[in-house]
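Okay, so subunit A shows up in both of these, paired with subunit B first and subunit C after.
Let's look at the complex of A and B:
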């Protein structure tokens, strides 16, 4: 009997115990040892810079590899990276990079111009099927090579002039090209390591395992325990290792914000990846110095699979987009100062803003749905909303599900998957409606809009519109900013008419930060070069 | 406890073992209280669609989470939905999964174990090795596989959980049967020419009801929690539907800000589990044929 009661209690307490973190570390000793403990949201999909697509991956890759151009930690302006200097030709088409002769791989090999040629070739190889390949389409003939029209990489505008000089020729002047070079898709990989573990275009290669990884960044991969921790240590071969103060960074994949907050409070994390909506108000009142809410160049949206009925009808998509109350979502659900969004590109991205034809108008939405043949929601097929497992995404999905039910009389089902399966399902277009988000890779409207060109690796909706593609291409060839933005606005108008994606809100960057963490500057891309970060005791 | 004992009881007082059991159970107040509470729970769950004060899915985002009040006796959740209503609807799922999955486990487990134990020899070895193999499979993976192959549906979830929970039951039953098989009353039944199936059903199973019932009362709470776990992973029931386990796991997330969201679902689940345990204890004592008559 006693035993029975105890079992019963144990079972009842099971969930309580489960939600307590497994961590044993302590921030007090971390300061002396200069070990940064960082909440990283979720287990990364992978650490191959040419295959990753997400923010958690970015946070880790930024420690392990370095591109040609680095970033100033405060304003993200270009800073020396693997290249110590560069020249831009007068016609803005040719960039010549001079590599730092001190730059070395973590095994001691020098970083050479050939490494960059090899790496960009890898990203563009059709068989690697990198979703981010289109990032380099600004480079001469890169698109042709990626689409298989050119077999010879020598015709692509990325050449090694000598061991330390790397020259890039562009299709057209590209104002954001230098900041593109601090995006991980353009980062170099170590040729011998890649070839030791597979072909150049083998996406399943094991080279990213902790024991195999060779990088040129300020840190080296020391340990990768799946779903538990990723640990990186200071790289003694790094050219600027004098600047690096941290000895170690530990990334914890915690996809539950509540658990993460609890770990922060018990002082096992220096910084969290987010803040649960319910906790924001409490921090605002009691310890505002720990809470951060700052502008973040990112859009939260839902993707519609335009190949699957009934979503193949633009009227249905538009009806869905017009019948949700975004203001209520940000005020009652997310609560972190997010801004309701009716456009994919956040307003005022580098001075760019677009009008939207999406408005909150339930009557109009009902009419559109009726026109599509589902008057009052009658006969609307049962479709699913997919989101990646996280209480924040779940809440938004639950609220939208109910808004659609009340406004349009349609019943949608919810289901969730972990991050890796989620990315896989979405990129295979095996969904009807999927939660999505996009954080700018650089500060330019192009980072949002060139996603949805026909066949784009991160399009993933099946959306394809010739005029849209033309507008994006025209914008890419235009130097005059005003004219360029007009092309973008034309493209964005098509996007809000056709609604392959339904914008919901513009992100704010929410995190909790321990007072010891220094050198962490807010910027709208939320990039924080780790070499400038250090820990300092506070009283 | 043997057949001739029953015979004597019949001739003298006309009271069967079952009647004895019921008398004993009635005297156990804790068990009776548990039984009454469970009956109330089941009745409320059955009547929920008609008696629930609010809709379980209509949201009032402006209201948000509010503490218990006259309008909402147990308060509202972060979407402004009435918690009492959600606990009532959640009870339908939790009780159903508890009873259905346990029944599935019970039926499979008892027959598998009893047949293996009674037949012995190679049949026993084969059947129990099969159980061992299934044991060796991580049961989460097994359930996830089932859900992936057959799709997400509540009924299937019930069956899937039942299909993994029967293994322990089979082992317990087999162990009991092995020890009973050698006893005189079974030999007597064999000598009388009864078929093995009849012997198992009429003579063996009634004698192992005690351990079975105890195990059932342990299984019901564990499948309720298992359901919550699976739903949380996206394999069980999905919003806006809910279950006690899910309500609790969501309540834990906000227990500092909105404690009532954890307190009330937790309380209801605990009361149910206690009732089940008290009833199970009472039944075991009452049904144990070895208990002396008073």
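Let's look at the complex of A and C:
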């Protein structure tokens, strides 16, 4: 009896192992077929360019649709997109786009100026409740239309002069306007398709399903299997299809970085969306050629609630911000080549680098704290450091806690909340010190500095400074870049003096990249126009 | 039997109602809402969104509206994925999670019962201790450790099996099924060992042995039926547990099943999705418990439906 059982066992095990010899991986056959396998973070919330809000969504929409202006893959400078050329008036208020007569939708229809009028109207429609509608608020009367104060879209500064000429009028000279046009919220949608599947402002419309989608980008949507894969194939109707080398891109929604890394190691993916922090060092030592680190337009910081004592005293905030060793944090904790940040706006954002910084000076910090009445940390109230639940954030919070204890002799407490609770607590200002971050929407200092104007939705610190608000407003109206940057410098000086926010580091984008992947250039927005990407065998 | 099933179904109604009410109230108590995001949503947009999903109605009205729709099988659209309905998402993920659970169950039964039998044949010898210690380790080892370990050995070092996926390439179902089944295999091994030991010590087995009936007939014909009873009563909750607890394995192996939706929905404050999946899993658990009770009666003539009630 027992022998029989034992035999069955062994036999079963034998069959199990025999059934699985060494496998052929995804990537072995991908190069010949020009199929890119891409780890894409989470399942996209949707593929409607006017409703999407995240990076995974961006990655897919950028393959399916094309805005007026494209991007040079190396430096993000404007390149022909749906428009082959454009003119800008001297006062920088009027942009005239000439659409490419060759530009077509994936069903063969031509892309016209009316398509853009329709699409921008859709983005701004109050009932669509698009979160990114504000991207077009620089367009004349767009904000008014979006908030329902104007009913007639003809009053908005977006018009079709003829079939192929699209004119945009702006509220104020906006040097980053062309950069905004590479954001998916400004991309066109195919009118007939939208109307076939619902009203212009129906967010639940099924037009984005694979069998329905009509786009004007280099690829067409071939398959969308929920939480499994999104597959796009080369679009033969695309005006620049000669440039497109890839035949197919497969996006995998993988929300677990460790799983993604394992898939990369077994050659299932060409590129990952992230690298788990604990793996960075290993790759750096053993296979640095696979590890890709590049600067990214984002800031990691902590907010101070300026309404809560003792943080209502700028000297306290400054003392806290001056006494932490940012270099240590990026070298010992984050390890991904992040750059210590001593002011909010990342250096060299469209040529702007802040002149004022928060210095790392523990002695000075002690003096400031003493001036505020807490000499040696005596009598400093026990306040809390809040972060959203995550191992990476926890390590940084612990480091801050220890650095402050060591440098200033103060004891702060840590607590964490899940993401949605955290957002709720911070937006209700129910915190003292809270983690925060900001990824730039476009390449311009304004995307960072605009955050801290009085009452701004993303301010969330209670900080309000008339001089600061004036500087940001003036910058928005100024044509001369030098003058404009002076306004920003002034604003940034106020931020580093008043310290409602304590910058820690500037983000880097980290991923693992297979050697076959070519034409993928690092840039600060992490945008990678797929038409320039190709796969090539390496030895 | 029909009467038994009918009354059990009746009992299920108040249970479900309580589950729905408690879940509904609890998720609304959690701070943060479905539309909170890192980049603050303007109050104007938020108002429109709340209006669209009727979140501006009084809570009791939302509850009764929800209940009314749910009775007709309409669980509404997901808040997080506005173009998908909750039902669509559940029925996309369900077949996959179900298949995973069944595979894991088969793994668990084969490994568990064989190990339990082997151990029960020679209690308190090495033949007992070794499989039972392995079972103890299986119970203690969480799937988030077991999964990556298996992947490391069979996926990355030996390159025998794919490290992720479900039905995308040959053999990718093996590792997830083993990972998920392992813990349950360990339970089943202990339960079947206990059950078999108890039966094997009973008089009718001694009588059978005295009559000279061959050992394998005694074992498989007479003992197994009674010896596996504890396993059968464990199966109902186990399958429900496998279905609702597949989250970790689905995440490790990148499987597009229901478990991931369930857990992510809570983090996303996707109210409709949380409600839909909770109701769905409650119904499953009730059904599988009922099923395992029925099978238990069929296997054990000493029980009747009246007793089980």
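We adopt the following convention: the second predicted complex is superposed on the first by the 324 of 539 C-alpha atoms of A that agree within 3 Å, B and C clash if a C-alpha of one lies under 4 Å from a C-alpha of the other, contacts with A are read in each partner's own complex, and residues count from 1 in each chain.
Keep this in mind: contacts are C-beta pairs under 8 Å (C-beta built on N, C-alpha and C of every residue); 3 or more make two chains touch, one makes a residue touch a chain.
The structure presented is a predicted model; accordingly, all values stated were derived computationally and were not measured.
Once the two complexes are laid over each other on the shared chain, residue contacts for A:419 go to subunit C alone; subunit B is not touched. In the superposition on chain A, contact is made by A:258 with both subunit B and subunit C. Residue contacts after overlaying the shared chain place A:405 against subunit B, while subunit C stays out of touching range. Contacts of A:205 after superposition on the shared chain: subunit C is touched, whereas subunit B is not. In the superposition on chain A, A:137 makes contact with neither subunit B nor subunit C. By the document's definition of touching, of the two partners only subunit C reaches A:460; subunit B does not. In the superposed model, A:333 lies in contact with subunit B only, and not with subunit C. Contacts of A:394 after superposition on the shared chain: subunit B is touched, whereas subunit C is not.
Within the superposed three-chain arrangement, the count of touched residues of subunit A is higher for C, of the candidates subunit B and subunit C.
For the contact definition in use here, the residues of subunit A common to its subunit B contact set and its subunit C contact set are 1, 4-5, 8, 12, 16, 19, 256, 258, 417. The touching residues of subunit A, counted against subunit C in their complex, run 1-2, 4-6, 8-9, 12, 16-17, 19-23, 43, 45-46, 48, 51, 53, 126-127, 129-131, 133-134, 146-147, 203-206, 208-209, 225-228, 252, 254-256, 258-259, 262-263, 265-266, 268, 417-425, 427, 437, 457-458, 460.
Residues 57-59, 61-62, 64, 78-79, 152, 214, 217-218, 221-222, 225, 228, 233-234, 238-240, 245, 248-250, 252-254, 256-258, 266, 269-270, 273-274, 277, 280-281 of subunit B touch subunit A in their complex. Interface of subunit C with subunit A (complex): residues 30-33, 36-45, 48-49, 52, 77, 80-84, 89, 92-93, 110, 114, 117-118, 121-122, 127, 148, 151, 154-156, 159-164, 169-171, 174, 215-216, 219, 251-254, 256, 260-261, 264, 267-269. Looking at the complex, you find that subunit A touches subunit B at residues 1, 4-5, 7-8, 11-12, 14-16, 19, 256, 258, 276, 278-279, 282, 328, 331-333, 389, 391, 394-395, 397-399, 401-402, 405-406, 413-417.
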